[in-house]
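We just call them A, B, C, D, E and F in the order they show up, numbering each chain from 1.
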Amino acid sequence: MARYAVVKLGGRVLFKERRLDLEYVRGLKEVLKAALALYDGIVTVVGGGDVARNYISWGRELGLSESSLDMVGIRLSRVNASLFWAYFHGVTPPDIPATISEAIALLPAWRLIFLGGLQPAQSTTTVAALVAEALGADRLVIATDVDGVYEEDPKVNPQARKLDEVTVDQLERILVRDVRAGGYALLDSLAVAVIKRGCLDARVVCGKPPSNILAALRGEREGTRIVTT
Amino acid sequence: MARYAVVKLGGRVLFKERRLDLEYVRGLKEVLKAALALYDGIVTVVGGGDVARNYISWGRELGLSESSLDMVGIRLSRVNASLFWAYFHGVTPPDIPATISEAIALLPAWRLIFLGGLQPAQSTTTVAALVAEALGADRLVIATDVDGVYEEDPKVNPQARKLDEVTVDQLERILVRDVRAGGYALLDSLAVAVIKRGCLDARVVCGKPPSNILAALRGEREGTRIVTT
Amino acid sequence: MARYAVVKLGGRVLFKERRLDLEYVRGLKEVLKAALALYDGIVTVVGGGDVARNYISWGRELGLSESSLDMVGIRLSRVNASLFWAYFHGVTPPDIPATISEAIALLPAWRLIFLGGLQPAQSTTTVAALVAEALGADRLVIATDVDGVYEEDPKVNPQARKLDEVTVDQLERILVRDVRAGGYALLDSLAVAVIKRGCLDARVVCGKPPSNILAALRGEREGTRIVTT
Amino acid sequence: MARYAVVKLGGRVLFKERRLDLEYVRGLKEVLKAALALYDGIVTVVGGGDVARNYISWGRELGLSESSLDMVGIRLSRVNASLFWAYFHGVTPPDIPATISEAIALLPAWRLIFLGGLQPAQSTTTVAALVAEALGADRLVIATDVDGVYEEDPKVNPQARKLDEVTVDQLERILVRDVRAGGYALLDSLAVAVIKRGCLDARVVCGKPPSNILAALRGEREGTRIVTT
Amino acid sequence: MARYAVVKLGGRVLFKERRLDLEYVRGLKEVLKAALALYDGIVTVVGGGDVARNYISWGRELGLSESSLDMVGIRLSRVNASLFWAYFHGVTPPDIPATISEAIALLPAWRLIFLGGLQPAQSTTTVAALVAEALGADRLVIATDVDGVYEEDPKVNPQARKLDEVTVDQLERILVRDVRAGGYALLDSLAVAVIKRGCLDARVVCGKPPSNILAALRGEREGTRIVTT
Amino acid sequence: MARYAVVKLGGRVLFKERRLDLEYVRGLKEVLKAALALYDGIVTVVGGGDVARNYISWGRELGLSESSLDMVGIRLSRVNASLFWAYFHGVTPPDIPATISEAIALLPAWRLIFLGGLQPAQSTTTVAALVAEALGADRLVIATDVDGVYEEDPKVNPQARKLDEVTVDQLERILVRDVRAGGYALLDSLAVAVIKRGCLDARVVCGKPPSNILAALRGEREGTRIVTT
């Protein structure tokens, strides 16, 4: 059986002061190249980031539905995926897949592919979880701007304790769902539900420095491990 | 602005004793034909029904992932959609859309289209809500085997009171989410969340007789109306 | 030049008493895995089986055209192909190809792919023959519920003699074509015509036990060999 | 129910001395424009003609399989369809459909569409019959270079009598199948089988002058009518 | 014959101080709605604007090829097209066409469609000219941030005289081609060449206020008319 | 990084006296097979040749737009690509890519792919340059019927001197652009512009004998080298 991994890269990790963080992207390339020695295929799901947020605010002023706003954000996340594909493979990329089936069709030949969002009312974290489940992936790494899951929101309570491990049931209690376009929490409840039913080996890590992602892909102790059993 | 409606037809309404209920399908045709006089376009989302359940149980015995089981169920719901398309339009149908974008591309020319499921870990009720939101539909009718939303599960407590109206917040408290393949509840929490954020005019009705669906499409008092404000 | 093989798996072999024969499917996996050592690519074409037959009977009662009934059957055979793809590769599959060109586009990267039917008024045996011809396949194995070609229908005349070899001209005389949806004979005349013009190395074997298929793929004496010259 | 017609235009009618017969194509435009007043949609299937024959002979010298030769011929018939689409609609055409489903998806919006071949080992006459069956078409007109069906091949026996009507069973006895690429007879047996099972109102007419086609589309007595009951 | 128009909206018209100019977009909606009374179909091609410029500068720092940078810009122009589609039709849009053929396939059913770029090394003005030629459009309106074609660049020589009419030959002498990604001139030479060979009725107008575009679509004297004969 | 090459084969090289030059095509197969040892992937772009010219003249008499004529030529170049694909790979080919993105999606799995034209008003030489730029190709070989670039058109001035090297700026001065369908010059200005901005290692060689192409792919001194710096 082929070994696969899925990495979710939040927009907050990729953008710094409304600009793509180029230094970070360069580091990421080294990390994913190294990780290809460990897996037959890696799918990286990237978020929309600040640019998506701008577009969504413009669309909201025009009175677009939340569904259309989400699609605008999804298309921007695919622009990000496209830029990454070009940078990592050195070629002008094929169309970024719009369904899980399309993504899976490309994986055997490309080994390293990049996705953005797929559907309205769905976070890119959920996309990553769905792809991981569809591939029977050995590992799902969620790279975000905090270094793991906390008992409480660390931005609200700075005393909150980081957890090395968290069960999905604990996680469900901690998280509050928010499905307004562009405003998803760290982990939405659908992502957690997919991790749970798919018994996925999922880890939440701080995406910076990129070596954290490699450590998590190697199965090293990093961030918070989500325990599904 | 064009006027659109979306109808969700649960597998339980369409199948009787493991067979497609042909009498019912015939009645449905009259209803949807009549409804085309009220709307510029109608999207009908059909579930997988008993046949999907069989396939899913076979796949589970083979050790398929929940994701793959869901995809098998989705493909069966598209077979149902295909059979309906052929019956309602009298032609061998085009491919059943696999994304919301594909569905919307076909709608202006066809006016009446049929979908099955779209993605793993997503009920066809959520598909219907997403399509309704994407179209800015004037009405979403969820046709199921009970005559509306009850305070409690009427199968558990036969004394439970049917509600004429229910707010989305009430609804969220009533429903319990279950995302194992093929085992979704009446309304899963993602469908409710989309109804809420899209301020959709959604109604839950008993799909039998089919005239209930027409009544709901006409905005008549039928089943339970979900109040989003 | 790459070496390819095509296997046709009749619905009768896959289903037993209206259920997918799971034991058989498990055995098949071993066989196809072993066969991948012999070929650069293998295309397996699966029939619709009992479930397709049910759907077709429902559609016929609704007055669907033979064309639409065939398409319903085709879509069900693709559900079967999808379930097999998931089981053999351990991933949620890409969309099952709907044309020969799409099938061939996927083969180099996947090596083992699964198809259902392609067009109305065409058996999956014909699909298998067309794909074999398109690939210049080294071998076409037609796995069915009889152990080869008989001089006469063995269900009618139990005394009928099984043939070790049959020329395509003999075969054409033996077979009677029947193009009503879902009711194809062992080998329809179009399949035979393609085998003939493509000079395909075709064998008809009993699909059970699955080792028969491996034997035929190895070129061992098994079932009936169709002689094209 | 929408009313549809399908017209098959043989390559022999369209080409004269290895050149497209432009005068004829101009006349055809008037005919199809007039016919659009009678039908909601018309599908015209065009053959490959002399150019296809050249390509196929080149490919045969290179040792291509019959399947690949057929695909080359199919692609040339689609070039013809593309040229017609441009001429009849005055726009650079969309991609010529490669499956029946794709053709049907385009029909409601375009009303008049043009197809070439679809699959190896299949004549464009069979394509026309399959499309007619898929649409539940009211009429299928096969325009060729003879003025109907004869008891015997009129090129062999000049005394042969033209038939005003022929039953499908008579027809099957008259025709001899030939599936070598590019060399199909007037009507191959698969086309006849589809006409039979679909109970299609099919007529074989001489495509020249084009007014014959209009007469046949109007249901007037022209050429040979194929009787299916 | 159907009447079509094509409008090119430059990124500079749509964006103001790095933000989408919402007031302008609202005005545009009125203009295009009014214009639909004059034409059977209108294709609006939108540029990438400031956001595309940012992305391209990031990609350039990462060392992407000009081809990949162009594709990133193209994908951003399609995000803009997608936002416009949602705003003008009130629905979450289908996928933005990636070829001229795909665009033309959608036009009859939608009547008003939005495109971004199509290919590397090609301006959206060229896209607009190519689509206008492909449709045999009656009018091509190029809306930009200057009020027409000047004898010299008005930003360099403020004394330069605006031309009411310009022949394509004059135009070719005035323009200087520049194919670096994102830095196209008012009208690149390929756009001019297509206008010339297609004898298109093309006008360059100041896109602000939007009523200028309507005037040009009505054939009123506005901006500079390009004379092709 | 993967190593790629792109070869443009002009219609004039492939056709001799209105027939495909089969001897030449056979020689080409050896050359491309040998070249696959040097590159990870090779894209060959083929022109339309004489057959395309015939079709275009027919379409012009019917009054088709230059855009539609170009598309007819493009579709014929894809027929050529399809015939080559079948001959070089021994299989009935997948659909010939219609965009650069589709081409790139197929390359990793197939390694040797064949394209025709992509868009109206664009030569296949420009297609080859665009694909080379998109792939970051190490070499672009333009095989035509002259042995390199001359100071002047050698057909006009037989004394004209062949250049071993030419800078892109020199080249731009030498070439005259002509965008009428089917009548492109040796190298159109857009192709030169892409070669320039992409800093492509481009060579113009006489396509006959095919060994010239192999020499150029090996980087040997052959024909004219275009110097971009």
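We take it that a residue touches a chain if its C-beta (ideal position, glycine included) is under 8 Å from a C-beta of that chain, and two chains touch if they have at least 3 such contacts.
Treat the numbers as computed from the prediction; the structure is a model and nothing was measured.
Chain pairs E-F and A-F differ in how many C-beta pairs they share in contact, with the greater number at E-F. More than half of the contact pairs at A-C come back, by residue number, in C-F, the repeat among C-F, A-B or C-D. The distance from the centre of chain B to the centre of chain C, each centre being the mean of the chain's C-alpha atoms, comes to 35 Å. Work out the mean CA point of chain D and of chain E, and you get 41 Å between them.
Among the residues of chain A, those in touch with two or more other chains are 65, 67-68, 71, 90-93, 95, 98, 100-101, 108-109, 120, 133-134, 136. Against chain E, in their complex, chain B makes its touches with residues 1-2, 100-102, 104-105, 108-109, 133-136.
Residue ranges on chain D touching chain F, taken from their complex, read 19-20, 22, 25-26, 51, 54-55, 58-59, 61-65, 67-68, 71-72, 75-76, 78-79, 82-83, 86-87, 90-93, 95, 98, 120. On the side of chain B, the complex with chain D involves touching residues 90-95, 106, 108-110.
Of all the residues in chain B, the ones that touch chain A in their complex are 65-68, 71, 98-101, 118-121, 130, 133-134, 136, 177, 179-180, 189-190, 193-194, 197-198.
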